[in-house]
Amino acid sequence: MNFFRQCLILISSILISLLTFVGISNADGHKGFKLGVVTFLSGPAAEPFGVPAWNGGKLFIKLLNEGKVPAPYNKKGFGGMKITAIPIDESGGATKQVQEFRNLVQRDKVDAVLGYVSSGDCMAIPSVADELKALTVLYDCGTPRVFEDASYKYVFRTAAHAAMDNIAIAKYLIEKGHDISSIAGINQNYAWGKDSWKDFSVSVKKLSPSSEIKNELFPKIFSGQYGTEISALMNSKAKVVHSSLWGGDLQSFILQAKPRGLFKRTQVVFSAGDHVMPGLGNKYPEGVILGARGQYGMMAPDTELNKWFYKSYMDEYGVFPAQPPYRMVQGLMGLKMAIEKAMEKNGGKKPNKDEIAAAFKGLEFDSPGGLVQMKLGDGHQAIQPHAIGTTAKDKDGNITVTDIVRYKASCVNPPNGIKAVDWINAGFPGADC
Amino acid sequence: MLTVNSVSVKIGAILALKNFTLDIKKGEMISLIGRNGAGKTTLLKSIMGVNKLANGTIKFNDLDLNNSASHERAALGIGYMPEDRGLIPELTVEENILLPSWSIKSLDSNNRLTLVYQIMPELKEMSERKALLLSGGQQKMAALGRALVSGTQLLLLDEPFEGVAPALSQRLSEVIKGLKKQNMSIILSQSEQNHTEDIFDKKFLIERGENVN
Amino acid sequence: MSEKLYNNLLFQSIFLMSFLILVGLLIPNWLVFVITKAIAYGLVGLGIITLMRGGLVSFGQGFVFGIGGYTAGLLGTQAGLTDAMLLLFVSFLFTGLVGLIIAPLLARYRDIFFAMLSLAFSMVLYGILIKIDAIGGSDGFVLPESTYFGIKPSSEYADYILYVVAIIMTGFISILLRYYYDSTPGLIALAVRENELRVEYLGSSAFNVAVLNFTIAAGLGGMGGALNGIALGHIDPEFTYWTTSGEFVFISILAGYLSVPAVFLAALLLELVRSFSGRYFPDTWQLILGLFLILSIIFIPSGIGSFFKQFFDRLKKSK
Amino acid sequence: MVDEILTIVLDGAIYASWLFIVALGLTFVFGVLKILNIAHGGIYALGAYSTATLVPIFYSLGMPEQLVILAMLVSALAVAIVITPIMERGILRRFYGQDEVLIVLVTYAIYLVLEDVQKLIWGMNSLYVSEPRELLGALEFGSLYYVGYDLALIGLAIFCGLFLWFVLNKTQSGKIVLAVIHNPEISGCMGVNINKVYLAAFFIGAFLAALAGSFTAPLISVQVGISVAVVIESFAVVIIGGLGSIPGAVIGALIIGMARAACVHKLPEAEIFIMYFCMAGMLIFKPKGLFQGAQARKI
């Protein structure tokens, strides 16, 4: 036994030194472009966000490396450089992510990091990124606070923040003539849920001051059991129920609320409701107003780029792409454009991070979800057009999205320099609709 | 029938039994005498397989017990009455007594129960009471009854008279004397020599885990 | 004799510390950082080991880890205190004080009940932290960059300087702990582990031993939390979550309660396994970490420290 | 007002039933094996997955709808049959008699492994089996609809509790288990094969965990990560009720279920906190929980 133990110790120490060596040796002498990709690969956010996003990203990187993406993305890789992606699991909390980020930058010496679904991670990473001078592209997270509370040199977010989701929904409710005399909300008990509800409820109050707030529920994240909440929502008899639930929580909520008649009795709105459609299919209720955090999936614009992406994804994975793959691809496109713009300037060399950051600032590029403009946060934060729709059965009995209203980016996003919440409170001054 | 051959047992870092040797023949009754902590309970538990041996062997009817689990030893016909009685409080006296017969398939529970009640009729009177409600002395008696059910060949009685009122102690002593007549082998541990002295065939003195005869 | 041994210990420790400080210059930055983090976790593990010597295991050291981290963080953001050494020291004292206050509640209990009660405390703190939006709620908050004697090091050297500070402070704490372990109250704790009743008969109070040990463990855990927060530049309620506490218990069990340096080695080992399995097996790192935990508990039940002890015992014999 | 109280009681009872089934297995395993099994949550998830796999097969075979409950039972049983020998025989048995906290850590490690095992077997896509939930219709109650299936969960919980109680207290095998709970060493000396009892008890615990997962599967989307919440909530129940106590699990589940329902309806802000609050309060005032095992008098 003793001998066995000692052997084990020996083996494990050899293994560790070996891995360390691999880690170090991997870091040097790389010619292409090394990209750390951080997204949820385990835990409850993996199935709805992390995995489909990475599926989209993986596919897009492969096609980029093969040079099979249509113009203006037809150059191979990033400006001719082959992209090597290192995927990292985002689960485990912000503090763990800071460490993983450091490992990517210091140990693997990646050229850039693309990642982060969780707002908590997006709040934690940028300061480290600037400290380590590491180019970082946030591709998904929603909190407006990243560039409203601080400014960073090497950090960019290629997707609009969450304020737009809820402002647009409030506008949609009014434009479509829904009764918003009373509203209730069920949102998760953390920043995302709380911010979403605040943005929505304040927007509604601004647009329709007589509207009354009935019920504000904040169940804890990943609770999965909503029987009590559904009773409370139905008891409140609010005309509109708002929710920013996502992933398994949203799926479970739908499955539990549907037989109890919630969707028949009240107008339910899901601010990020599209990404569970591929999974739920026809179990998705009719008549629900939903956003996709951008013009994605069933609400994507009818452009060549979108048709190409939608089809490529569908062919590869057999389901249509919802918001997560769109957003990751959007991040990759932004990064590619910035790199290639920087290369134009420096004569085609591999650009350093300062050159890429300079090119990224204020960049505008086309994505399958429409024109993305890095307009907020002094050119570090994107705005993009938005779409809201209502679910309905099509003639084959399949659930689809109809009644789509599209909003210009400048209509549902604050102008540069104003915080989203102040902009809402002030009644959307300067909105260009 | 039972030979304990230079057995050592470690409890934590302490050597609780050192090269202890003992043997008992069929129908013999031996007394194991030693102070508290001398190793009596450790020895009995080792025979039952509760404690692992550091070295030495224990044989029962020439069968090496070293690798058998407690329940297998009980099935060989060894009955054990622990010092702290070890009755199951939620069960009735009768259920406690019957416990070994539920698991050991070779025992006929009716037969064994009749035998126990025959030897100790007072147990029958309290048979439906929960063990939780018995006095210490009554518990000793029930535990002895339970040991008798599985102990068809050998009984290990750990301090049966300890902490028992004199009258009951006298009664227990009579019962044990009566068992000797049934050709039963018995090892009985005591912290001091007492009134039962005359019934033993052999005596082992144990001190700090060693046989000091 | 014992005089000589202690001198020897002090000499050994200072030698080891200087060696590590020098090594820090040669190894890559990420490893410097990983070691700093391992020191932070090791400090908490050291606290659990102090408790283990008295026969107790806390499954809720996330409680003190979190308090230490938030103390350092709030002093940094709210009071503008950024001196790393001062933050570590203040967190140590403050968390120790919190420990002293709640210790009497915990010290009455043993075994699984002690473990569960401490776990419950950490979960209550978790529940509170995610509710307070003013300090970031579930997202936590970013710490200001640390200074040393009023100087803010450039970002290339920040990691290394914190590493040096961590090694020096932890080194001296470890020496003090060794003295404590070998002192009368420290040895009484070991006796409590063996036989609590006997200790009570001899006139010492097992309760007092538990209170003292828990207070020390709390202080150490708080300092670990502060160091972890400062090193990462971010803290969040995850510090107090039960999975974090589980890692601390694992570190101390992997190390065993016999040796102080073993704790830091165990923490480093865990850090490396977790980080490399996350890097090379992003989909199944939990599986690998889990198997690593199970196998190390099966094959090294008395901890790495027992190897150290065997090794030194053999060394002494051969002399 | 009365309506609202009734709603709270009903919602609380449904939630408590779910909690109880999960906690029952946990507390039973602790009672017999003295193991606080963190991996219990993992087994719960396996139960949900196995139902989500078997029930569609069941339907595709064209079996009568009403028998779907049987398919759910079978899937829970299958999980228990597979997991018990691996966990109890293969791993946990090595640690019997060692520090309880060490074993908690081992089960934590197993929990981690099970998380990824789910991924390896079923992949990342979520599975749905909402069909069984449509079986029992709906019930109008005041201004609310309740799904019959949810209400039936209350019945299932009561059945599980009573059944286990009956087996333990009224059958011979159950009484043997009681003996082992009370004193495994002595029971062994009385001829009880403890390893067999441990195996059986673990099997029952695993079956209950899987059963809870099976019957929850129709309510949720079955995907990775569903076990996280289960672990802490079922712990809270057994800590409040007393480790190893079945009546304790009943009371613990009811306390948390009712407190939570009351909070959601009357004080939503406190909902997230109430469970920890109950747990901490109980630990401070009655650290061994509401119910402690009986002990025979020493003298």
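Going in written order, the chains are labelled A, B, C and D, and every chain counts its residues from 1.
In the analysis below, contacts are C-beta pairs under 8 Å (C-beta built on N, C-alpha and C of every residue); 3 or more make two chains touch, one makes a residue touch a chain.
The structure displayed is predicted, hence computed values, not measured ones.
Asks: By Cα centroids, which chain is closest to the centre of the whole protein?
Replies: Answer for the innermost chain: D.
Asks: Suppose each chain is reduced to the average of its Cα coordinates; what separation in Å results between chain C and chain D?
Replies: So the centroids are 34 Å from each other.
Asks: In whole angstrom, how far does the Cα centroid of chain B sit from the Cα centroid of chain C?
Replies: 49
Asks: Indicate the whole-number Å distance between the mean C-alpha point of chain A and the mean C-alpha point of chain B.
Replies: Centre-to-centre distance between chain A and chain B: 72 Å.
Asks: Which positions in chain C touch two or more other chains at once?
Replies: Answer for chain C, listing residues that touch two or more other chains: 130-131, 283, 285-286.
Asks: Where does chain A touch two or more other chains at once, residue-wise?
Replies: Residues 42, 189 of chain A each touch two or more of the other chains.
Asks: Among all residues of chain B, which ones touch two or more of the remaining chains?
Replies: Not one residue in chain B touches at least two other chains.
Asks: Can you identify all of the chain pairs that touch?
Replies: The complete list of chain pairs in contact reads A-C, A-D, B-D, C-D.
Asks: What part of chain D is in contact with chain B in the complex they form?
Replies: The contact residues of chain D facing chain B are 169, 172, 175-176, 178-179, 182-183, 185-195, 294-299.
Asks: Touching chain A in the complex: which residues of chain D?
Replies: Residue list for chain D touching chain A: 4, 7, 10-12, 14-15, 18, 115-116, 119, 124-126, 128, 130, 133-134, 138, 143-147, 150, 216, 218-221, 223-226, 228-229, 260-261, 264-265, 268-269, 271-272.
Asks: Can you tell me which positions in chain B touch chain D when the two form their complex?
Replies: 45, 48-50, 69-71, 73-75, 80, 82, 84-91, 95, 99-100, 102-104, 131-132, 134-136, 139, 146, 150, 163
Asks: For chain A, which residues count as touching chain C in their complex?
Replies: 4-5, 8-9, 12, 16, 19-20, 23-24, 41-42, 86-89, 92-96, 98-100, 102-103, 106-108, 119-120, 123-124, 127-128, 131-133, 143, 189-191, 194, 221
Asks: Which of the residues in chain C end up touching chain A in this complex?
Replies: Those residues of chain C that touch chain A are 28-31, 33, 37, 130-131, 133, 136-142, 145, 155, 158, 228-229, 232-236, 238-239, 241, 269, 272-273, 275-276, 278-280, 282-283, 285-286, 295, 299-300, 307.
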